[in-house]
Each structure stands twice: as C-alpha cells, then as structure tokens.
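What follows is a set of structures to go through.
In the two complexes below, subunit A is the common chain; its partner is subunit B in one and subunit C in the other.
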Partner chain A sequence: MIQQKICLLGSFSVGKTSLIRRYVDSLFGDKYLTTVGVKIDKKQLRVADQDYSLMLWDIAGEDDFTSIRPAYLRGMGGYIIVIDPTRPHSYDAAIAIHEMVKTTVGHLPAVFALNKSDIKTSWQLDTLQYQHLHQFGHPIVETSAKQDLGVENMFLQLIQQWSKQHG
Partner chain B sequence: MDKLLTSICSSLNLAIFSRQTTEQFRLLSNTPDWLVFFLGQSVANDSVLTHTFPYLTCFMEDAEHHWQTQQTTPLTSGVWVEIDELGNELALEASAFCANGKAILLLQNLGEKYRQEVSHLQQLREGLLTQEKLENEVHKRTLKIKQREEEIAIKLVSLTSYRDEETGAHVKRIGLYAAAMGKALGWNTQQIDDIRIAAPMHDIGKIGIPDRILLKKGKLTEVEFDIMKRHTEIGAKMLHDSNIPVLDMAAQIAFCHHEKWDGSGYPRGLIGEDIPESARITAIVDIYDALVHERVYKKAMCEQEALDLMASMTGSHLDPDLFKVFSGLLPVMRRIRQEVNEIGDLLVSY
Partner chain C sequence: MQGTPDISQLRHLLFGKDYDALLALKAQWEDSEQYSERVASVIAEALQHREAKDGAVSAVLAPTVEQAISYSISSDPQRFADVLYPVMGPAIRKSIQQALNEALANFNQLLEQSLSVRSWKWRFDAWRTGKSYAEIVLLRTLIYQVEQAFLIHHNTGLLLQHVVSENVAGKDPEIVSAMLTAIQDFIQDSFAGEGNSNLETLRLGELTVLIEHGPHAVLAIVVRGNPPSELRTLLVETSETIHHQHRLALQDYQGDAGAFASLEPLLHDCLVKKHKIKEKRPPWLAYTLLLTSVGAGVWWIYQYQQSQVQQQMQLAITEKNQQDALQNLTRQLQQQHTQQIALQASLQTLLDAQDAEKLQQTQQQARNAARITTLRTQIEAASYTFEKAKTDIDPHHPSIKTLTQHIRELLQITQQTDQTVQIMIFGNVDDSGSAASNQLLAQQRADKMRTTLIKAGIPAFTLVAYGVKQADIPATMHKNERSTQYQVSLY
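For the complex of A and B:
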C-alpha cells in the first residue's frame, strides 16, 4: 500500500472542497461554504495492481485574510492547484501559489485543475494563459465537481506521475 | 489536577498533554467528551497523536523545535477540522510550549469561536466574490467599448487607403512601429494601444484633398502644395472633439506629423518638444517605411541608405533622441517589415 499526501490548493471559492467531496463521497452541494483551516479526507483505490491510500488535504483558499502556511506542505507527495477559469483572479492566484510551492518544497508531481467545466462558456482564460500553464509541464485537467467530470482523472494524473517516477 | 484547573480546562474545551517520547503524549487533564471519540481505547494510555490527528504531522517539527529550545510562549498549529461521531465538524487547534521544564501540548476545541470565524470569513469572501464579478463585468464592457473604438478607427484608416497610393500594409506597419517605439519609451499599455491605432491615421486628412493634386504624378506647384499641406488641418478637424482617447491622439498626430524639430515644418511651425511626442514618433516611422519600400513613383532604398538619410535629418527634421530609440529598435522594425507585407493588403486588417 502506497500512502501519499495530496494538497488541494488555490484561491478561495474555486471548488477545492467540492472536488474532494465529489471524489470521496460522490456528493455535491451548490452553496458556497468557505473552508477555514485544513480538512483531511482519505481515499483508498487500486490502480494498475497497486493499492494507494491518499490523504487529501483541503487547504483553505488564499485571499487577503488567510495565507497558506508552508508547514501544510510538509510530507506532501503531490498537489493539485485548482483554478476557476470564470474568475481571472483565481488564475493569478494559482500561478503565485505554484511559485510558492516550488520555492518551499521543490519540484513535485502536480496537476492544474480547471474546474467548473459545466459552465465552460463563461471561462475567461486566454490562449496566452493556457500556454503559460502548459509551460509548467504539469497535466491540465478540466473538471466539474457538479457534473462529476474529470474528477477521478485529476487524481489519476497525479498517481501516474508517481508511477512514472518509481518505474 | 486540582478542581479549579479542571474547571478551566472544561470551560475552554481544552485537553492538556505532556510529551513522553517524540511520538507519545500523556493526557494530564480530564478527557473532554469531544475527545473520547478520537482517542478511543488509548484514553487511559499514552497516545500517538499524529496517528489520531494526521494534521499534527505538519506541526510536530515546529513544536519539537519549540520544546527543545524550552519556549514558554505557546506556538499554535493553525486550525484543522475533524468530523465527530455525529458527523459534525469539530475545529481544533494545538499549542506547544514548555511549563516547568515539561513539553506541553494543548488541544482546544474551538467551538463557537470557530463558527463565528467561519461566518465572518464567509461574509468577507462572498463580498470579495461580488466585487470580483463587478470588476470583471466592468473590464469586459470596457474591452468591448475599446474594440468598437478600434473598429471605427480601422474603418477610418481604410478610407484613406482607397484614395492615395499608400497600401493597407503600410498603414498597419506604421501603427506597429509606433507602438514598438511607445513601448521602448515606457508608455503605459493604454497609450501603446492608442498609438498603434492612431499613428496610421496621420494622413486621413488627404481624403479632403482633390484628386488632381493628391494623385498628380509630377511636382506640385506652390499653390497645389499649399492645398496639400491642408491635409494636416483637415485630418485634425475630422478627428478632434470625440472624447475618445485614441481619436484625440490621432487628431494630434494628424495635425502635427509634418512639424519639424527645428520649427521649419507645418502647419504651425512648432519647435522641438512643443511637437507632441506621438507626432514626432509617427514622423520617424512614416519616413522610414516610405524610404525602404517601393512606390509607383520611386524605387525602394536599401535600409542603410535610408538610415543614413534619416540620420542627416535629425536635428533639423527629426527628433534626435527619438531617432536613437528608433535605431535601437531596428531588429524589431525589420521583423514588422517582414511580417506585414504588401501582398493582397488593400485594407487594413488587424
């Protein structure tokens, strides 16, 4: 059994808690309820004959009132940065968070999740921003916690990066 | 533990542990009800708190350092949330400090304090979301207005292309050269965007010049030249008073692009920096592009020849400092020349 700690990071209200709730409990709530502090969930799964136990750290979104404590990232095996492409501000926050994580813990498996793909017509990311995200070299997954799109794939993308690392 | 201390711990929802080994902690206080579910069988024994509360794995390194250095002021872990036996959220926070030489870990159920904090942050973040939405809407609408302004400006530019020898590619290049100059001069994004659209309109007043003069093959007579000179004033009149920044700049350029650095230009004979910078830039890039491209009435000059000629015009016709900036940007200007060519380019298309 491989145990891994995964942190979900991103601006506030991008859907980190909803993605975990969808993945762990197959549930979704429409109302925005802010997260304060850290919530930890567990998920066990089997991928390519290998058992994984994932500790999913749902870390309160960054804004003017709270910031991510570097200590939260200790022992992390990989991370997911969630962006709400309907809110350009969340893209800027994602880039800043990614830089902070790289500076704090170095290069680790990561995934960028473009959440709220159920309202893709309202997305506002432009080509340059997409290109910039691609340049980081991490998978970019479109997700919708609401419609359960891409959620499992988002975690699988992270697991595949560990598989590649460990041959 | 005496009764008073027990009562205080109960009121504050506190559990007090003392560290036994690096991993194990012994409960010194009574076991609060909320903690029983989490500690289970280990209530009576020493507990490995990082197993019970995985969140503490990110805190113990700092706590350990705090204990090792015998700090008596509490170091807090930050809040984390557990789910109790009823499925309710329980917000906890740990504090590490030393008391009487012992390493102490306090665990507090934040209860109502946490709920108030959540409610407060919920309100603030909902406010931020609303503000973001409004700013986004304003940004989108401003962009739409700007796009419309640009479309109108481009239509205006295309009018001149129908009347004289200049091609769409020429006017487009003028805008791009001028924008590159603006950028190098440290202009803000808005001004750079404006000159990209405004500079190509410098000759828009030619629309008011009769064909017999505008399209005359030979040399203009003095009277004809006086009429031709009026294209600066006609252009400025066409563009001024719009209250649209890009057209205001275009009016300024149209009016002043034939002024010369030494004051010998027209229509007003302005000298040096009295000539708006946008017009001085346009004069340089217009001359450059005209010299290095072929026209019906002349052959293209090689670039070095054109630059030598322009250098000889600095101080009299062209702003010497701006010409230096232009010369420094030659690789950029050459790329613009290569990318924006004349083929099939009758109208400007951005």
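For the complex of A and C:
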C-alpha cells in the first residue's frame, strides 16, 4: 500500500469538487472548503498489483480574493490542476498556480485536467495555450464530471509518473 | 637472540633482511613509546569492532568511565558544570515547565470543580468516606479512555499507523489524519504567525485530542473524559521512542507505511484507560433514607396508635366516669326517690297524723265546746244558799266543791281552746231587809263567794263579784233568794 498526498488545485469554480465527488470516499462536507479552505477525500485504486491510497486535498479555488495556503501543499506527492477551458481566466490561474507550486514545493508529478469536456464546443483554449501547457511536460487529461469521463485516467497518469520515478 | 658475532653473521646469512625487520618489530614491541604509538593507530577501530561484536567494550569501560567522571567532578566540579551547562539548562527548564504545566492543569481542574454542585457532592463523599477532598477529586476526575492513537507523517499528513480501542467506532483514519494536519496548518497559518508553536490540544465536549509534534511525525491521541497530565508525558515519551527507533524510516518516507507496522504495539500502549471504579458498595445513603423513612413511618403509626389508645382510654375513662356519674346520679336519684317516698310516706303520716290531730282537735274542740257548754250550764245552774242575812259560806259545802271543780275544769279546757273565762258572781238577797242592807248584803255575799273560790284555788282575775241590787245589773239576774248565782262569759 502506497499512500500519497495529492492536491487538487485550480481556479474558483472550475469543478474540482464535482469532478472527484463520485470517485472518492468522503468524510467531510463542502463547507470545509469555504471555512478551512481545504477538504480531504480519499481515492483508493490498484495499479499494476500495487495498492494506492491517495489523500486528495481539495484546496479552495484560487481567485483574486482567495489565495492558496502554501502550508496545505507541504509534503504532497503530486498535484492535479483543474482548468475550465470555457473560462480563459482559469487557464491563467492554472499557470500561475503551477508556477507557485514549483517555486514553493519544487518539481513534482502533476496532471492538468481540462474539465467540462462534455461542452468542448464552448472551450476557448487556443492552440498556443494548449502547446504552452504541453511544454510543462505533464500529462493533460480531458475530464467531464457530468459524463464521468477521464477521472480514473487522471489518477492513473499521476501514479504512472511515480512508477517512472521509482522504476 | 643475542649471541656471538659468528652466530649473528650466520643469522644474517640465513634470514637476510627479514631478520632486520624482525629485530625492528622486536624493538617496537619492547619500546613502550613505539608500541603505544602503534596501538594508538588502531585502538579506535579495534574498540569499534569489539563493541560491534558483543558490546563488551562498554561493559569494560563503564566502571573506569564512572570512576574517571567521579574523579573529575571531585577534583574540579566547575569544569564539569561548565560542560554540562548547555545540556542541563534546557533539560531542567523543560522539566520544570512540564512539572508546572502538570501542576497548573491539576490546580485548574480543582478550581473548576471547587464551586460546582458536583464538588459539593464530592465534599460530602470526602466527609462520608473520611478521605481528603483532593483524593476524592482525583478519584472522580481521572476517568478517561484513550480511544484512538494516530501516528501521522509530519510533512505529508499521511497516516503512518493507527490504533483504536475496542468498541470505539473510528472514522476513516487516513482522511481524519489528513484533515487533522490540514486543520493544524490552518490554525497555525491563521493565528500563530511566525514561530514554532504547534497546536497541542483540541477539545470538543468530552473528547480531547492531544497532539505531540516530533521532528518527523505527529502523535495524536483522542481521549474521552478528562485527560490527566500524565498522558502528555506518555505521549512525549512515545513520540521520542518512535523517533529514536525509526528516524531514518521517517526521514525517507515515500508513502509506504508498511515500515511502521512494528509500531503498533507501542501505539497500543497509549490506549490507556481508567475506568470509573464502581465499587459495589451498599448504598448507605439510600439505606439511611429508607430506614429513616420507615422509622418515621413506624414512629408515626406508633404515635397515632398511642394517641388512639389514649383517646380510647380517655373516652373509656370519660365513659366510665360518666357511667359512674350516671350510676351515682341514678343512685342519688333512687335515694332521693326513696327519700321522697319516705318523705311522702312520712308526709302522709304527718298529714294523716295532722288530719287525725285535726280530727282529734276538732273532736277535742267539739268535746271541749260541749264540755264548756256543760260546765257553763252546770256553773250557771249552781247556786249557794246563805243563811238569812248572813254571808257565811261553808267552803267544804259540796256545792262549793262541785262549783270549784267545775270552774277548774272550765279553766283547764278554756286554756286549751285559748279562751279567757270570766265568771261573774251575783249576790242575791230575798226581799226581807232594807234595800240598802240588801244591796250591801248582796255585794258581801258575792265578794264572800269570790274570796272562797279564790281560796279554793280559782284565779282571782277570773272572778268578778257583783251585788244584784246594783243598778246596772240586768233584771234577769235578780232572784228573790239568799244565794249567789253565776254567769260565765267566754272571750
């Protein structure tokens, strides 16, 4: 059994909480997000005969008024940055968050989740931005909370990065 | 090895340079300075090897080191004090701090309990059991149970080990430990500001979470009840032991908690509990109350019965008295009745007697009246005849005697009938003689008769003597004879 702390990051209302809700064991309500600024969920999965227990720190979305508490990032094994491509601002926020994490914690396995893939037509992400995202070298996963798409893959991508590191 | 030069030469021929080396070795062995130099170069490694092999070095050196330290302290204590100062200072401060905290915690608890209703119950218990109040407070307050123990990786907030008491339902410990870490971060971030202060205690109703922060791991225990200060000590000691035993594993933790499975017994030792000692003592208070109630009831009933008996007795006495009084009254009434009857009888007798008396009296009166009439007639019919022109009277004359007797009898009877008798004596004369002498004679005869009768015992006031020749005498009394006549008047 491998335990890891995973932080779920992203701009305000990109759908982080909705994305994982159906996939995790929860103990706490969403009110923790607005009060303490973080909500912990657990995702257990088995990959290549190895059990993983991912502690998901769903950290309140960053916007102009709320900033991520760096203390919450301490000791994490990887992170997922959720982007809502229908809102270009969330892309900028994701880039800023990624930079902040790299500065404060260092280089860690990460996944970019492009959420709301069910309404891909409304996406406003241009090719340049997409390429820029690719340049970070982290997997980019398209997800949809509405259609239950890509969430398992998102976790798998993270785990595979650890396997590569340790393998 | 020394010998003649020939032998020496022979040795050189036989061993060559090896012999010189042997000689040099021999010189080294024999020269203490060289030997010690040689040993000094290997002694540390030798000790290390031996110590690693069976630990004998420590055992061998211990007495020597102890002696050396004793010697050093006795010869120059200041030096030792200077050396130990940086170590002892913080240690002593920490110890004092710990002791003060414990004392303060106990004192606070005592103060908190000192004015509550429960404290009065405890004071009563103390008084009842003869123990000191402090003992009772300790007995009652040190009741707790460590329900869960979490060993959490300091950096990641991941759960390294978790134990839970029997019959305690714990929620997902991995999520809880992560959230506990998040909350600590949140509090530290929000309130503590800069510095190394850590969240040490969380309290929610009956539950207290005691948290001990080590360099690499956080040990948290969830206590139900009032955690005594010793628990903090236990927590600190356990945390120290864990860090001592698993420092490297904690440092290099990469998410595999399997390495800390061996810590489970150690954490289990933290699951201490102190049950409320429910001694099966008889509930004296309840018994006392019950006995008092029963006693009061019995006493009341007894009193009631007594009062009833008394009332009955009083009633009986009253009744008896009344009966007695009634009997007395009846008796008196009977007596009175008897007396009345007797009285009536006697009254009747008296009445009869009275009637008889009256009858007798009437009869007597009738008899008296008849007798009086008879006597009156007899007296008035009586007459004494004188000698001619004489006034002499024979007192022994039968007619005089008879007259006297009759007058006496009349007097006796009239005395009874309460009448006064007056007998008028009329002296008569015949026609012979002069009127004047006759008048005198008549008077004399009457007087003489009166005197005779007085002499015979007739009271003088009864007798009045008149000569009939007196002018005021009625003519019916005039008789032409030499006698005296009598007229009886009754008043």
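Just so it is clear, the second predicted complex is superposed on the first by the 155 of 167 C-alpha atoms of A that agree within 3 Å, B and C clash if a C-alpha of one lies under 4 Å from a C-alpha of the other, contacts with A are read in each partner's own complex, and residues count from 1 in each chain.
Note that in this section contacts are C-beta pairs under 8 Å (C-beta built on N, C-alpha and C of every residue); 3 or more make two chains touch, one makes a residue touch a chain.
Nothing here was measured: the structure is a model prediction, and the numbers come from that model.
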Partner chain(s) touched by A:Arg87 [first = subunit B, second = subunit C, both, neither]: first
Which superposed partner A:Ala71 touches (first subunit B, second subunit C, both, neither): both
Partner chain(s) touched by A:Val36 [first = subunit B, second = subunit C, both, neither]: both
Partner chain(s) touched by A:Leu128 [first = subunit B, second = subunit C, both, neither]: neither
Touched partner set for A:Ala48, first subunit B, second subunit C, both or neither: neither
Touching both subunit B and subunit C, residues of subunit A: 32, 36-38, 40, 55, 69, 71-72, 74-75
Touching residues on subunit A, where the partner in the complex is subunit B: 12-13, 32-40, 55, 61, 63-66, 69, 71-75, 87-89, 124
Subunit B residues touching subunit A - in the complex, by the definition given at the top: 54-55, 57-59, 61-62, 78-81, 91, 114, 117-118, 121-122, 124-126, 128-129, 132, 136
Contact set on subunit C toward subunit A in their complex: 153-159, 171-172, 174-176, 178-179, 182-183, 185-186, 188-189, 254-258
Subunit C-facing residues of subunit A, complex: 1-5, 25-28, 32, 36-38, 40-42, 53, 55, 57, 69, 71-72, 74-77, 166
